[in-house]
Amino acid sequence: MDAIFLQFLNGLDKGGAYALIALGLTLVFGTLGVVNFAHGALFMLGAFCAVTLRKILTMQKVVLDEENLTAWGTPTEIRTTYVETWFGDFGTQLVNYSVPLAILLAIPVMLVVGVVMERGLIKHFYRRPHAEQILVTFGLAIVLQEIIKHYFGANPIPQPMPSNLAGAADIGVMMGMDPNIIVYPWWRLVYFAFSVIVIGAVFAFLQFTTFGMVVRAGMADRETVGLIGIDIDKRFTAMFGLAAVVAGVAGVMYTPLLPPDYHLGMDFLVLTFVVVVVGGMGSLPGAVLAGFMLGILQSFASMTEIKAIIPGIDQIIIYLVAVIILLVRPRGLLGRKGVMES
Amino acid sequence: MNFQGIFSMSRKDLTTLVIFSIVVLALPIWLQPFGAAYPDLMQKFAIFGILAIGFNILFGLTGYLSFGHAAFLGVGSYTAVWTFKLFSMNPIPALIFAVILSGLFALLIGYVSLRRSGIYFSILTLAFAQMSYNLAYSVLTPITNGETGLQLEAGDPRVLDSMFVAEEAGLPVSNFFGIEMSGIPGFYFCAIFLILGFFITQRIFASPFGMMLRGIKSNQTRMNYTGFNTRPYTLTAFVISGMYAGLAGGLMAVTDPLAGAERMQWTASGEIVLMTILGGVGTLVGPVIGAWLIKYFENIFSSFNESVLHNLFGFLPDGVEGFVVELTSMFVGEGWHLTLGLVFVLVVTFLPGGMMEGYRRITTLFTGGGGDGDKKAKADDTQTQPAE
Amino acid sequence: MTTSTENVVLHVADVHKTFGGLHALSDIDLQIEEGKTHAIIGPNGAGKSTLLNVVVGRLAPTRGAVVFDGKVLTGKQPHEINQVGVARVFQTPEIFPDLSVLQNVMAPAFAKRDGSFKLNFLSSLDDEHQIRKEAEEMLEDIGLSEQKLMKAGSLSRGDKRRMELAMCLMQHPKLLLLDEPTAGMSRHDTNTTIELLKKIKERGMTKVIIEHDMHVVFSLADKISVLAGGRIIAEGTPEEVRNNPKVQEAYLGGAH
């Protein structure tokens, strides 16, 4: 029972990441009708916003101390970060909180990236076959990840979480059990809470603003909305920007859980596609539901007890579910009837 | 239909085949001036050519975009290496098993994936390929040797070889009845399969079957209402295409007896797609040209480094030189994939028909723009017409 | 030819089709006799196209069955229905836009000869002299010989429709279903098409036509069924239908 609960918790953070990426992918597909293979790259770019901010914050001033020589006879280097020199303790805190702070950097950056991507390339593909959309966004994903590789190298770059959130929470104790039965890292809880908040915000935005109303109407029936005379194209550009921001901040917050490297996006993209298909192409609640469901399922599949029965199941469970869903219920869990069902 | 029928070709097809064979067999000669006439690269030319024309049978004719073709390549390689280990270093049994096994694997995956079309098909194939890749790295390690990759070992049984040939010291090299499958002989061995593969593709393109596949791409609804059961057609195309990939994978193992799981990764599938697109989807020679261009430039671009660039741009003033070198270094060496991605984006955006379409556009331009509309209206006459 | 029920080739038996709560077709009972041209007319939204879609297997009826030539078609795939001898011309032409006109016309002949699937990937189209000859004659008949090497997608709309008809005729179907075969055609093309359809009639092919153009209907039909609100409200020879007050009220009255 405890083990099951722990696995359930373990699936939540990964599920949150899947859900956030899948949400953007679905928004873009639902509104623009574009299958965006570069969406994973946006998640990766977000993660590198965090890397960049930390790099900037930890830039160091090097002073040579001629008095104290090292064992090699060279002057000792005294390194201090600029932010600490300038802001003192506040500067230290800035460095400590670099990951959450990077959200502030990621929002404008991702918005610009998203809008440029949509206006510069993707809008030319609205009326072209799905195969060409897949191909061009696949090419774009390669370009983005190779640019990152050029500037940041090929190795994963670990990002520490804020020190006071670095430990683990003994959830078992909170629930009245013995200590050390259900121990769960704080940051994973933070990520789960974060993903729930972002998802909630996106849904609220779509539900309660006029902008959101138009977008939802457009997802249901693009032509009718166009006929009413609303300029949906502009709104859809903004929509693309929003999807990019969601993917980006999801990437920022995920960095302490998984050191980002240039192909992080591709790794997540394939899984997220599967999530979207399982949830139902074009269904936002479906994307969220399937994201968490598959995250949790993956976590259960990696239990030793399960792996003993079916070896390797943790490696393929998500794909297996996708194959079964596509064959049995092609429109996905919550997909509308008739959407891409042929 | 009958045996004679198989070899009866239109004069146009025959001419194409002869020219193609000459070009392939003469690769070691005409690649000299390009500095690309060394065996390893030419073997790649032949192997990736086979891969691309096979992929084209599926994507070019039926329009089904598979994002999991690298899986068949991997199966072919693993099978070939296992055949080497267990039976013989002769490449023929290795290739036969590679083709059969990848064909069976394609039958299985195709049977399931082809129940859907469009992006769903692409995602299904992607899912299957990722599953194979993940399994090859984890549970299937006893078969695939995981991250290290499958290699020959001194203690391999090689049942057939040990009956005829005395065991030699060191690792054996695959040999075709005494001819070692490396260097130039290795290239010619692969080249013969490329020509054979090209010939079969020509036959498919010119056959009623090929026309049906085009019909599926053009209008599946009409196919159904015309009385065709489209699924066996697409499945056959998928299996044939998977067998080509298996052959290519087998040949990779023949020229270098090693098989690793990274060969099955989906970025590898993406490269196959790119080759086909770059050359010209649905055309006969386009995919081969695409494969050659990519392998050629990969070879050139990845060998560039800063010092080569400094030499190249040495004539520029210092400040400018530094800037130009910095800029170009992004695209060469390690950055070759960036170039590849950019080419991908540009080709899909501006020239979805690939080099072959580019060629057609240029010739139309020179043979008088007046007949432009007419020319475009004509059916794509590369092999598609029941010619006189 | 007699008009006894023994000659009924297509029987649409008690077919209902509902979409959600909407009754698109109710109590449809149609008997189409061999060799006859049977027109189905009715105002827009009467359910004509739905009826045709039920016959060719695109839609499954909610209740009832379609029997053709003694075989139950209900539940069969479109290609199986075609293989028993039913061909269809669509309202918006369904052709192979990327193939040449000649290939468009040749393809159906292969389905007729080789069945729904044949693994003939090493034989050559060039050796199919018989089919090619038939296709060229067919194109001659409908006046598309000149365009035979053009991409079918670049034909005019009228030519596409005629080519689609030719594609169906290449299969010598027992039953030909035509969904507004002359819609959007010029008067001249309409007349050519009527002549063509009359010629087929002489060959004894059974036809079901959905048509708006009364000129076409009255020049071709042996029998007419009038559909309104998903029900058959009248049936009979053109003369009977023309004089039926119910029909005049529901349909013709408004149109003429």
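Every chain is named by a letter (A, B and C) in the order it is written, and numbering of its residues begins at 1.
We take it that a contact is a pair of C-beta atoms (placed from the backbone, for glycine too) under 8 Å apart; a residue touches a chain by one contact, two chains touch by 3 or more.
Nothing here was measured: the structure is a model prediction, and the numbers come from that model.
Engineer: Please flag the chain sitting at the greatest distance from chain B, going by CA centroids.
Structural biologist: Ranked by distance of C-alpha centres from chain B, the top chain is C.
Engineer: Counting C-beta pairs in contact, which chain pair has more, A-B or B-C?
Structural biologist: B-C
Engineer: What is the distance in Å between the mean C-alpha positions of chain A and chain C?
Structural biologist: Chain centroid spacing, chain A to chain C, equals 54 Å.
Engineer: Can you give the whole-Å distance between the Cα centres of chain A and chain B?
Structural biologist: Comparing mean C-alpha positions, chain B is 34 Å from chain A.
Engineer: If you average the CA atoms of chain B and of chain C, how many Å lie between those two points?
Structural biologist: Inter-chain centre distance comes to 44 Å.
Engineer: List, in ascending order, every residue of chain B touching at least 2 other chains.
Structural biologist: Within chain B, no residue contacts more than one other chain.
Engineer: Show me the residue ranges of chain C that touch chain B in the complex, using the header's touch definition.
Structural biologist: That would be residues 56, 77-79, 82-83, 87-88, 90, 94-103, 106-108, 110-112, 114-128, 132, 149-152, 154, 167, 171 of chain C.
Engineer: Can you list the residues on chain A that touch chain B in the complex?
Structural biologist: Going by the criterion above, the answer is residues 35, 121, 124, 128, 130-132, 134-136, 138-143, 146-147, 149-150, 266, 270, 273-274, 277, 311-312, 315-316, 319-320, 322-323, 326-327, 330, 340, 342.
Engineer: Within the complex, which stretch of chain B touches chain C?
Structural biologist: Answer in residue numbers: 1, 5-6, 8-10, 200, 203-204, 206-212, 214-215, 217-219, 221-230, 232-233, 236, 240, 376-381, 384-387.
Engineer: Going by the contact rule at the top, pick out the chain B residues touching chain A in the complex.
Structural biologist: 63, 65, 67, 112, 115-120, 122-124, 126-128, 130-131, 134-135, 137-140, 266-267, 270, 273-274, 277, 330, 334-335, 337-338, 340-345, 348-349, 352
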